[in-house]
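Pasting the structures here.
Here come two complexes built around chain A, the first alongside chain B, the second alongside chain C.
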Partner chain A sequence: MITKHHIHDVLKMLLMTGFLTVLCGCWDIKDINHRTLPIVMGVEKKNDAYNVFLLIPENNQGGTGAKVVTGTGETINEVVDRFSKDMEVQVDLLHLKVIVFERAIAEQGLSDSISSFMRARDISPKTIVAISEEKLEPLFEKLKSSSKNGGVEIYNFFEKSAGWTPHVAQTRIWQIFRSLNSFTHDVAIPIIEPGRTTTIASTGSAVIKNGKMVGKITPDETLMFNAFNGLGTQGRIEVMDHGSVLIVADKLTHSSSIKGNKAILNCRLQLKVTILETKGSPSVTMIKRELDEMLTGQIQQMFRNIQSKEADILGMGQFFRTKLSRERLEHWRSEYYPYMKLNVQVNTIIQNKGLLKMKN
Partner chain B sequence: MKLLDRLQERQKLDADLFIHRMFLTQQPVMLAGYKSLIDLPHTLMLLQQQAQNAIAAERPLFALGSGIGDCISPTEELKVIEAMSEGNLIILSESSDLCIKIVPISRTLSRAIEAPTTENVIRGSVSAFNEDLDTNIGLIKKHVHSEKLRTQSYRFEKGQRRQAILLYMEGQTNPSFLNALKRRIESNLGNNIPNLQALNKLLGFPVWTLISRFNTTELPENAAYALEKGKVVLFLDRFPFAIILPSMITDMFAVANDRNFPLFFMITMRLLRTIGVLANMLMPGLYVALVSVNPDVLRIELALSIASSRVGVPYPAIVETLLLLLVLELILEASIRLPKTIGPTITMVGGIILGQAVVNAKLVSNILIIILAATTIASFTVVGFHNSIFIRISKYLILILSALYGVLGLFAGVVVVCVYLASVNTFGIPYLYQPKARENSDG
Partner chain C sequence: MDKSLQVMVMYLLTHIGLIFFMYPTDIIEVVDVGHWSAILLGFALHVALMGIFLKGLGYFAPRNLIDIFLGVGKVFSIILLLPVTLYFLMTIIIDIRAYSEIVTLVFLAKTPLWVTMVLLLSVPAFISALGVETLFRSGVLVAILFFPFLLLIFCLSFQNADWRYIFPLMDKQAASLSYVVSRPYLLSLFAFTGGFMFLGFIPPYITYKRRKVMWASALLLPFFLISVYVPILTFGQSTASRFQFPFITAVDTVNISWLMFDRVTLFLLLSLVCFAMLFISLIMWKTTLLIRRGFPSIRPVTTTMLLSLAIFIVCLYIPDWKTVERLLWWNTYLRLYVMIVIPFITLFLGIRHHRKGAACP
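The block that comes next holds the complex of A and B.
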């Protein structure tokens, strides 16, 4: 029996499904094969205009190969829009994995680009940022010619589960954005160039202060930077005068204090190592002492290097956040950081002598 | 001899009605009944034996209270006919105007107790219910040795005249539920219930529902377990399933037979079924959402391989998914209809040849084939065919919402399904109700 009530229900349902289909805007949805998903974006300056490179995987049945498109424009968005207009597919930056800036841009300042990426949201905030020392054309040529798997090589280079090593910094857009707005935290951005035999080679990291590149650290110093940020130095082999060791585990603890107007940070690095080989017949204590001295020296040297640039890439200011008022934190980089004292204490435990008969 | 004349008259219309003349204790009698229901030679032997017993005991065979059968007044012709169509034998004595209804040896008109045909048992009792009501009740009684088991019989007098038997455990069942159910059945005894849809209507459940309010099982083991859990089991004459009320979401994932396996296996199997249900409901929707609306969620390698597998596919993802789902549903429906001997052939033709050809013709992408094959397999991990239908249908709702709103739509679809499930109840017992362990032990 169909009553008025039933008809009302049916009408309501029809109205709901009607609204659902009319108001959803689903006709603007583009399938994945009608979008192009660039993996690498390169940005360089050319006579006050941006020159943008995109490395795009080629969508053919085999799924191999990549192509590079370039364009020049006033803003990055303008260039990307032009790509979209000129290509048979829509350019979709949401899968962008790496953005490479030319060194000149980094020295002038990345803040505008990074803030606009964060705001526009068409690029994922976890995209990795890198800096190229040279012009970008050779780098992209190299990436294109060595692309065997749709150009994901450079992404794997930075991917922790793939080809990443602790000698390479791993800095994402959101981290740079954070450093732009933080009083106490700067970042290091990996510097890459086309390798002679490998696709990419890393020559160290750029020290970024307030979005501007102010200096450079070596790959070994980058390792310290990563260890300080908890990114692990596991597997690293330290070679000393009397032998080489393999670091199995590391642990870093800090304690901070302010004496007078001077910041003091005590760091304790605890390492567990196994001995791989020895030269001559060193004793365990000797190796321990050598390792301690070597690491302390390296850390102190790197610290002095970045301290002179007033760039707190290790984020040491973070340990003083509870000890300084906000007004004073504002001047962390200029008033406290350059005069900060860092005490490093390395404590090594030899976990395994590697079947070598050694004296203690 | 008015009744006898009437019966002879009727014999012209009912070909299997017999009227047989014989002597019992030197008295001539007429036997009447249906040949198709009564095993006549055996029944005659039984009668002769009883007659001889009566002679030996020196008492009249047809004396009231001799225990041979019930007397019916010969004037009540309708009652006589009814008794015959129920399979009874009528004895009319020629001398006196006596009419007696006795229970004869009847023909075996139902299967023997066999293994179940719709449910498989790996470890547990294998016998299944059949069409005979008494056999079914007997099977249950064999499984539940309890003085608490109550058996209530109802007759639906209209149309097909069905007998129904309601079984429950005294004290275990929720009393308000039981009373509501009984009242409902008693007030509708005049109805005809040719099928479960009619039963659904009789019990007052909504017609437009996606969830069957009663669970059916072929296995006495499951029915006995349900009884112990405080559920009510309903048997219908000529219906080889136990109808278990109320149905619950746990029926989808748990069977009594699981408890014949070690606890760890039981938990894993149930988990697997849950994953199967989720996979079946979510996978097509997830595919469409990820491929057309939110490709950013995919890993880049997967995004690239899906993109390359979709090159040249003319339809949007939702159309290709619906297309292939339709083909799969057709295969499912066809394989139910097909005789068992040629079923595998069709499966092979459908699965391999059609699937391969459809990819080669670039109508759909081959990743979709993988996804839909997994989906279809997953849809039958759920317990009970009637439960799998709900999942099969709700998949389409989620699919359409995903096509419109992507991953957000997928989750909205899941919420809608959950809300719907929460709205279902059987005589006040919610579908999502999970009885607590303590309530069970208390009864």
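The block that comes next holds the complex of A and C.
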């Protein structure tokens, strides 16, 4: 006999199965084999339109390779949509790792692109940004031909846990977005080109102010830039004619003051190094003295270079946040930074001399 | 039986579920400098009002708010409790609509809104229909499941912090407290008031020690500070003020190569939505309790079902985020009433009751 209890039980079961359809939260699901996840995106200007490159990993019988698709359109999104339309799979930028902009675009300004990436959220804010001096076609050809791992080479080039070295700047989308709005912080974006024998070569970093490229620093200066931010470890420095050393630790101490209307920053950069190679028979004191002089000069020179562009990539304004009110910080780049005096002192400690003895 | 632990857990979860979305947005909008003062002020207000409320309730233990007010008079309790019911209803509607929008914005871009709303409504309705004891027990379970993840994410969220962004610590505007009457500040109070009212409704079903719950509120302060200061330290004030949900975006920047998942934000969001569901079920339970007092003839399950259906229909009629914000603002009046009037009246009644009791024992 069917009692009221039975009906209740059946209803409960139905309700619970009903929940299942909702609980999984999946809607319009597209399986992973119907998606394609590009690793690298390249954007260049062609007349007035954007030319977009995508490097997409591809499985073939020999292993994982990569293919390159290109398209032209008014906006980046339009091109990506067209890829989706024209390909048998959906293009999903979720796992995009690197975006390469052509230099011309960087000089015109990245702010609109970066803001729309931050807004739409289909591109992760962690994506690394790079700049190419030349047209993008040779770079993508090189990336394609040398990819044995599904195109992740360029990502590994920038990844700290893989092939990154402190001679290369590392900047992500959110950092550029921060610099667009920040009063006291600009960024440096790595400049890359296809290498002759390696996949990629870095030729320095672009100095970006308010989203626009205003100058360039060399790889050696980039190392100092990274050391300034505490990222210099494992960087290699050539010492004049006497050999080369490896940074094993870096530490920055500073004191900032405002005298009158002039900002003064005293910095002390302490580098712990080990000696890698020597030419002739220099003494330890000699190497240390030369290193100190050379690096101090290098930082001063780089600082004068970026100061003249009013681009604060070292984030020096950050050191003055305790000294200036917010209203005055707003004018940091125009009123204080160009006249700022930087007293920098590099102090190297030669931690050890390797496995060979050396005279002091 | 003393169930203070369950109450403390529930108190923490419901607040944590609330504060990480809109609260940092409001606080960052309120002041440019010295956010800590705005947070501490709100928090002090919260603790003070909660103390007053609990003190007042303490005189009547173990009776709940409805019994206390009914003890004074029927008309009196209707006048006082009707706005509370209305406030609860609006809170459920806003929460469901807002959370489904957040879920859509952050990770389910293609899912239609009504599906997430059904999910956000049906689970709380189910839990609240099973009764308050179940609700509190599931609170403990959810806390055990999600809290370790959440703590890990909170630690990781400091990865990109640049501590110099903490300065300047103070300026004239923040020191003058002139922001107290500003719109975003009044809006931000939602994070402080939505939660503690439940303490007046759960006895005699669930009893707790007043002092322990007050201690739990101290645990909450770090979360308020984290929710505002993580985006500030990561982006700086001027960038953080451009985000719709600053904390979520700040967590998006966390880059951990050894973690198998690319985006930790998903974990954060799933935990927070889970907490929010508990919060909604709690309010829903309170609302049905109030409604059933008014109309004792309706069965509890029917009440819950009718209530969720009505809420769902209203939610469907909210077209955009702007309307959600407007509703949130309208709700502020009710909220101010609930957070200020109810605790003080409870205390007043409590002292009167106590004196009467002392006069003729």
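By definition in this document, the second predicted complex is superposed on the first by the 309 of 360 C-alpha atoms of A that agree within 3 Å, B and C clash if a C-alpha of one lies under 4 Å from a C-alpha of the other, contacts with A are read in each partner's own complex, and residues count from 1 in each chain.
Following the convention adopted for this analysis, a contact is a pair of C-beta atoms (placed from the backbone, for glycine too) under 8 Å apart; a residue touches a chain by one contact, two chains touch by 3 or more.
Keep in mind that this is a model prediction, so the values were computed, not measured.
Applying the stated contact rule after C-alpha superposition, one finds that A:321 touches chain C and leaves chain B untouched. Applying the stated contact rule after C-alpha superposition, one finds that A:92 touches chain B and leaves chain C untouched.
In the superposed pair of complexes, A:124 makes contact with chain B and with chain C alike. In the superposition on chain A, contact is made by A:155 with chain B only, not with chain C.
Put simply, more of the residues of chain A are touched by C, taking chain B and chain C as the two choices. By the document's definition of touching, neither partner reaches A:83: not chain B, not chain C. In the superposition on chain A, contact of A:337 is made with neither chain B nor chain C.
When the shared chain is aligned, no partner comes close enough to touch A:140: not chain B, not chain C. Within the superposed three-chain model, A:57 lies in touch with chain B and out of touch with chain C [touch as defined at top]. In the superposed model, A:33 lies in contact with chain B only, and not with chain C. Shared contact residues of chain A with chain B and chain C: 26, 95, 124. Those residues of chain C that touch chain A in the complex are listed here as 32-33, 105-106, 108-112, 115-116, 118-119, 122-123, 126, 160, 162, 164-165, 167-168, 171, 234-239, 242, 249, 252-253, 255, 257, 262-263.
Those residues of chain A whose C-beta lies close enough to touch chain C in the complex are 19, 22-23, 25-28, 95, 118, 121-122, 124-126, 159-161, 172, 174, 177-178, 180-185, 315, 318-319, 321-322, 324-326, 329.
Of all residues in chain A, only 20-21, 24, 26, 29-33, 35, 37, 39, 57, 59-63, 92, 94-95, 97, 124, 149-150, 152, 155 touch chain B in the complex they form. Taken together, the chain B residues at the contact with chain A in this complex read 290-293, 295-296, 300-301, 303-311, 313, 316-317, 403-405.
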